[in-house]
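Letters A, B, C and D mark the chains as written, and numbering starts fresh at 1 in each.
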Amino acid sequence: MSRAAPESRTAFAHFLPVTTRWMDNDVFAHVNNVVYYSYFDTAVTHFLIESGVLDIEKSQVVGLVVNTHCNYFSSIAFPDRISVGLRLAKLGSSSVRYDIAIFRNDEDLASAQGQFVHVYVDRDSNRPVPVPEALVLALGKLAPPAAR
Amino acid sequence: MSRAAPESRTAFAHFLPVTTRWMDNDVFAHVNNVVYYSYFDTAVTHFLIESGVLDIEKSQVVGLVVNTHCNYFSSIAFPDRISVGLRLAKLGSSSVRYDIAIFRNDEDLASAQGQFVHVYVDRDSNRPVPVPEALVLALGKLAPPAAR
Amino acid sequence: MSRAAPESRTAFAHFLPVTTRWMDNDVFAHVNNVVYYSYFDTAVTHFLIESGVLDIEKSQVVGLVVNTHCNYFSSIAFPDRISVGLRLAKLGSSSVRYDIAIFRNDEDLASAQGQFVHVYVDRDSNRPVPVPEALVLALGKLAPPAAR
Amino acid sequence: MSRAAPESRTAFAHFLPVTTRWMDNDVFAHVNNVVYYSYFDTAVTHFLIESGVLDIEKSQVVGLVVNTHCNYFSSIAFPDRISVGLRLAKLGSSSVRYDIAIFRNDEDLASAQGQFVHVYVDRDSNRPVPVPEALVLALGKLAPPAAR
């Protein structure tokens, strides 16, 4: 939990543009700390849906969020545009850990950075199962650029 | 409060793209009814900021929301893209009423449509004041296309 | 859509306490206009669940929100406590219209007041169906006090 | 970032009841991971306001959130009641780290647990300043029960 330094866009493999909303700003006129996790959550789920891995209605195996964290480096405020960077941090037998960064407007250094961990479970039994093969394949697109 | 029919994009003067978020979807796997108002709120405030009318920190005159309503015609779900259409419904002495519509992906008919009313007040006294001249000018851009 | 006057607590049949949240407040240091609809939505759904009418997983018939509106009379801010008042406005063949009011702390006059309309549909066909009998019975608890 | 085990209520010094909302539930019919941070944020800010330490409008010194994290142990769903437990994790020269836990209904073990770190800065210069004395005093109320 040390306070890591912000990384640049080149360290991430995949990006999702997200529009900020007026109510994202709190009393201090900046995006509230909670809302960053909504950007995280949206980027991961968007990746899963566009990769054909998650079918909300039908998937028998689903990812449960077991851990998230975020370091906040500099503030963002509506109407800033943001881009959410994604890369694979660690693929376990039943779990996937993502590195996620929030980039403000055209800035190259992350305004915030953190991680998001899914454990895959059977929807009925709630027991851990292997990460679905289709996801393992899709995660190839999230390999850290340096590792390619 | 009759249930008006959805209008098409050509009936609106100005558009703001908004990205949906995973948590916008509720248990029924569609964007929750509350969230539409966040799209409304964002489109109006974005228009005010980009028109140079609202300075969050400094404006002595601010718009208070006194009335909103929305008719829901068809559902939207993350990861749909949406576009928020805006036009002036009525300019009063101290108030501005906006017509707002939510368009899903490339659809031409609104998925939802409603109104949003601001009353302008002095930030300290909270008393109604005339709609700021800069806003009256900016509202020219929101005239209903048919009226131009 | 005229700007009705706020009513008092005695005009409502049922109340749900709701706690405000820090991020409910927007840049103007008051609860954002969007969030009121979350209080509405929560009060109606809470009533349906505690009445045994809505089973999120199993109900074959569900209520779709087709129309909502809200008049804002006076502001609320975290950490205010609120109480959401509910009463039946109109029971139709396939629809239920609720009157809803938001009361701040121990105040007797509503800070905001509006309506929320559900149309009941079959979950698969999405076609209107009669309001479920169990709900018709439960709605007896929401009769306007004056009507009892 | 190891996955700590959930602690019981007796390990926390202060509690805030929070009501869940219908839209807190996401497609999987449980409170979305993002929303837990809103409970965290609300509990800390509520403590600061009721302790007389934070005056939203006037405080010249404010806490910036620099780091948050959460471990999710078991799910919560609207209409569950929750209670947010708070204790001081670490008081630094310019920073305060809180341990926070979310308890569901009358359960004794936390459903989720994490931390929230404020760095105190001057509102104009944005530079770190010593934790305000009034807060240092108030934090006495958050001492871990075992330490008293």
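Rule of thumb we're sticking to: a contact is a pair of C-beta atoms (placed from the backbone, for glycine too) under 8 Å apart; a residue touches a chain by one contact, two chains touch by 3 or more.
In this text the structure is predicted, and so the values were computed from the model without any measurement.
Participant: Among the chains here, which has the CA centroid at the largest distance from subunit D's centroid?
Facilitator: Comparing chain centres, B lies farthest from subunit D.
Participant: Just how far, in Å, is the C-alpha centre of subunit C from the one of subunit A?
Facilitator: 34
Participant: Using Cα averages as centroids, what's the distance between subunit B and subunit C in whole Å?
Facilitator: 23
Participant: Distance-wise, how many Å sit between the C-alpha centres of subunit C and subunit D, to the nearest whole number?
Facilitator: 30
Participant: Multi-chain contacts in subunit B: which residues touch at least two other chains?
Facilitator: 22-23, 25, 27, 29, 32, 34-35, 38, 41, 56
Participant: What kind of graph do the touching chains make: line, ring, star, complete, other?
Facilitator: complete
Participant: Enumerate the contact residues on subunit A facing subunit D in the complex.
Facilitator: Per the stated touch rule, the residues are 1, 3, 27-28, 32-35, 37-38, 40-41, 56, 62, 64-72, 114-115.
Participant: How about subunit A: which of its residues touch subunit B in the complex?
Facilitator: Contact set of subunit A toward subunit B: 17-19, 21-23, 25, 29, 38-39, 41-42, 45-46, 49-50, 56-57, 78-79.
Participant: Which of the residues in subunit B end up touching subunit D in this complex?
Facilitator: Its residues touching subunit D are 22-23, 25-27, 29, 32, 34-35.
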